[in-house]
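Multiple structures follow.
Here chain A shows up in two complexes: once beside chain B, once beside chain C.
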Partner chain A sequence: MSDKKEPKSIERRRFLRSGMQMALAVSLGGVAGVSLLKSTSKDLVWQIDPFKCVQCGRCADECVMTPSAVKCVHAYDLCGYCDLCGGYLKPDANARTTAAENQLCPTAAIKRQYIEEPYFEYVIDESLCIGCAKCVAGCTSFGNGSLHLQVRHDRCKNCNDCSIARVCPAEAFQRVPADTPYLIKGGFTKGGNSEDKLKKG
Partner chain B sequence: MEKNIKYILWSTGTVLLILFFWWLMKDPTSQFAESIPGADNRGADSTSVGPPVKIGENFQVFGTSTSNLKGTWTRFRGADFDNIVKNSLPLKNSWAGNDPEIKWSVELGEGHAGPSIYEGKVYVMDYDETKREDALRCFSLEDGKELWRRSYNVSLKRNHGMSRTVPAVNADFILTIGPRCHVMCVKRETGDLVWGLDMVQQYQTEVPLWFTGQCPMIDGNKAILAPGGTSVMIAVDMATGKVLWETPNPGGIKMSHSSIMPWTLNGKKMYVYSAVGAVIGVSAEGADEGKILWQSTAWNHAVVAPAPVCFPDGKVFLTAGYGAGSMMIKVTPSGSEYKVDVLKQYLPKEGMACEQQTPVIWEGKMLAIEPKDAGPLRNQLICVDPSDVTKVIWTSGKDGRFGLGPYLIADNKMFVLSDDGTLTMIKPDGKKYIQLAQKKLFDGQDAWAPMALADGFLLLRDAKKMYCVKVN
Partner chain C sequence: MNRKLVNIVLIVLALAIVVIIGKDFVGKKAGKNMDNPYEYNIDEFRKVDSTQILYTEKLHFPVKAHYWAGIAVSDSTIIVATDNHLLKFDLSGKQIFSKQTIDTATCVTVDENRQIWIGMRHYVVMYDQNGTLVKRWNSFGDRAVFTSIAVSGENVYVADAGNRIVYQCNTNGQTVQKIGEKDEQKGIPGFVIPSPYFDVATDDNGILWAANTGRHTFENYNQDGSLRTSWGVTSFKIEGFSGCCNPAHFAIFNDNSFITSEKGMPRIKLYDQHGQFIGVVAPPAAFSGSLAPDIAVDEQQRVIALDFERQQVRIFEKKKDGNN
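Moving on, here comes the complex of A and B:
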């Protein structure tokens, strides 16, 4: 009995287990490698310079994605938290309320919340935003310009031949390094260099 | 077999019928959320209630100053309400080297309140965030030394600046309005308190967005104020604080950021106010003093900052920012009544419009800086003829954008201050834009306050600092 060999089935189990462990290690290593490669590569992605954007509205219409991969983002540190917000309310709105007829956004993608007198906070619901820039135009004209457009890279297909960039009248679309894919106002200033660009969206 | 086919047909038909009714009954908008008022959970204005404000309760003296200067800039838009310095000293035609030199500067609380000047003294309505008080501050025009300060405690929260009104001053008195509509009258020489008036308490005034912008008016021995609330306009005796007349406000007109302008039409003196809800003309003399002579609710915008520009022929130019645009009305006397006709109404892209400053009239032409929503003309200085305010005669061009900054004219020169602290000197002209000189004086932020000029000293400020510049 003592000479009896270990059952083959156990060896197979070990083999399978170690094989799976190796496969997992290889896949994790691969993901890490790809991530590392991506973060250090010279790959470029499209982004909008918010200081060049003229809020023409073409980002909503020209993007190959539906709805557009261009979304409004909010630089909270620039916001005035106004009751009469030019990015939220239509010009000469009947009242400063959340009623549909007073809202500038055609999809009600901006949520407004009272903080304390006289401040209101404005939050973008990206699932509703179509990138039309109506709010950006209002905020730029009458406010601090805290609302601005950015290409969201969790949605963008990064077409080599971006259909919005081709028609952008202000040449606001530009290629930026993939590891610093956003030009968020506040961190990114007018004429700012790449060091000013924020890595996070 | 035939029975099975029948069974299948009946079953299919029944299923289709059920599906049809389901489709018919289904509300495709059931997932929609209504955008209705109140979703922002707006609270009550907790800062409007609090302990009564003791207007003018504090006084500090820091020094004395004697001056031989005789120049004055007595109120918002100057003595004649036209933003033009009369009898100015000769000013430099061009700038070289250090010109124009900053003589002094002082720190102020965040705001857009402009100064007034009277014989070597500068008066500014300020807000001290540390002490939480409105403060009328008096400085020496020649060296910027603070001489005295009359203040009172009032709680404010920052809201795109706090102070934004220009004191009115004459030989005897200084009249101020604070951010929360507190009116204060003090003696000019000594700073002694004469009287105070809380327009929120007395007239149920609704404090405008971003605080009070109305600059007070002194007309002879009367303070003329537009509280809105229960009285659209009032007159107060400067010496005693006694209310002389009150104009009822059945239409619920509200206080705007605009200021009252005097006007004489067909020999009748009146006060014109571009309020929130309407533009009104109130009698300024005679048996009907304090009565509304005419009004038009066709002019009704949520935010109105520029003052009305009144012409001798009965036309009144009205303009406002935030997308409102402009309107030209014609007021025509008709017996004892007045008729108001809207001659023209347009958006900012279609003609002269202003967001904060008031157009200036020079040799029959109107000059003003366009707002940001004026399309290609945004922030440019433009010139129009009052006969057609939508036809632009000239612009400062796309390289000549000035933000929302103020402007005034002295010695045939127009001074324009950009948001960022750049001062531009222009030769005002009815035919073309002529730039004489330009210099960035300081790293400014929101330099929107009206300027003041007397004795060759030009006073200008950004959000937090006031500067005195020598331009002669």
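Moving on, here comes the complex of A and C:
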């Protein structure tokens, strides 16, 4: 009886030892592989392609953040600095003034500043902007399209399944590398950090 | 018993998964189709009273190209400049010739001798009526963006949206004077050109008119470059011009009335020589997209439009009784 048990005990011990070694090797290899993958692959974040955006209004209501992490940004080098700005004034505005009843933005997030005759500058107050794209529609329809939406990454939670992307009818949401997270119209990002320039705006 | 319980749990789980997937699918679909509570609605301004529409479309024909620069009319022929071709059609749409140009055109016109003038980005070329290259001017510099040409006798007026100025040149490309530079002493406000829409034309007397699109006005300049008169109405309404760059294109009939074409909410309208709104040639409903069609007019008071969105030449004629 004891002769028969001896070899079995040795088998089990060997099996356990080799199994442990194998598991250790696999886990170490796995950790090394994941680390390598993480160090070589780029992190991705969500962003809106402004040329695909159809100004549907979903960005204001579908984001998990309140207010939405999507904000209007302004490509100043595209802007016409118009007095009659389609992005600032309601189409039926009774005057070209800053009066509330003339403003297109439902939260008055666009500030109109006189520069010189006949030019006006339009600045977005991001704390008020809800990303509804009403101004984008006005600017795109009648102007140069300098106003456009972008996901602002100081607010975005970078959800794995972006709730706006799920319902975007134009499929304008896309994953972009985290080190170049903005798709700004025109030459706005040329020669510098887009984040800094946006904040100046 | 245990097996039965496991089966029931598995079935419930499977059903739950199906419900979740179905709900997600339906929810996503509904989300994509829901109304926009922030809709930018300009439908009210797109409506035009039918009694105001004075023209009707008589004919259209396709023009195949990747890019269209502009249109001009001479006698009974239509000239279209595309990315690298000069096309000539008769009024029925039959192509007379297609000639390759030396560069990408940005604008085109035809003079009284049927010579075809084409603006490239920063220089001008002239072709004879058969499409043979006759002249090429020197470059006006990298900053120049030529958007329109008008020829009257020995004067060639070239609109430069890059420098916001109109050059008056002789036919060899030598600059006679620059017109429209801001000069408060002379009461010239200066051109405000937010984008490359800057059209010029000459009236029946050979006098220059330029569209100051940032101000929504037409400005009329004397031979010496002084401002003679101007007119314009800034408004989203039918009688005005709106947006950053309107009127994007215009043409002048031989009775000195104006045909205008707008971008954003495309529409073609008719004004008398004093700028009084007369009526509509083509309402916004006649167009898709937001690009302003380039326009030309002939001596029979027809309006010939190059519709960039539909990629067609469209010919509009005045209604005979005003309602047909």
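General observations
Heads up, the rule we're going with is that the second predicted complex is superposed on the first by the 145 of 201 C-alpha atoms of A that agree within 3 Å, B and C clash if a C-alpha of one lies under 4 Å from a C-alpha of the other, contacts with A are read in each partner's own complex, and residues count from 1 in each chain.
Throughout what follows, a residue touches a chain if its C-beta (ideal position, glycine included) is under 8 Å from a C-beta of that chain, and two chains touch if they have at least 3 such contacts.
What you see is a predicted model, and the numbers here were worked out from it, not measured in a lab.
Legend: residue contacts after superposition of the two complexes on their common chain; A:V167 is shown touching chain C, with no touch to chain B. Judged by the touch definition given at the top, the superposed model places A:A100 against chain B, while chain C stays out of reach.
Once the two complexes are overlaid on the shared chain, A:N158 sits clear of chain B and of chain C alike. In the superposition on chain A, A:A108 makes contact with chain B only, not with chain C. Once the two complexes are laid over each other on the shared chain, residue contacts for A:C82 go to chain B and to chain C alike. By the document's definition of touching, of the two partners only chain C reaches A:C132; chain B does not.
In the superposition on chain A, contact is made by A:E62 with chain C only, not with chain B. Comparing which residues of chain A touch chain B with which touch chain C, the overlap comprises 80, 82-84, 86, 91-92, 96, 118-119, 137, 140-142.
The touching residues of chain B, counted against chain A in their complex, run 33-47, 157, 159-160, 209-210, 301-303, 321-324, 371-373.
Residue ranges on chain A touching chain C, taken from their complex, read 55-58, 60-62, 79-86, 91-92, 96, 104, 106, 118-119, 132-134, 137-138, 140-144, 166-169.
For chain A in complex with chain B, the residues that touch the partner chain are 80, 82-84, 86, 90-93, 95-100, 103, 108, 111-114, 116-120, 137, 140-142. Here chain C touches chain A in the complex through residues 28, 31-34, 36-40, 42, 44-45, 192, 194-195, 214-216, 234, 236, 242-245, 263-265, 290, going by the rule given at the top.
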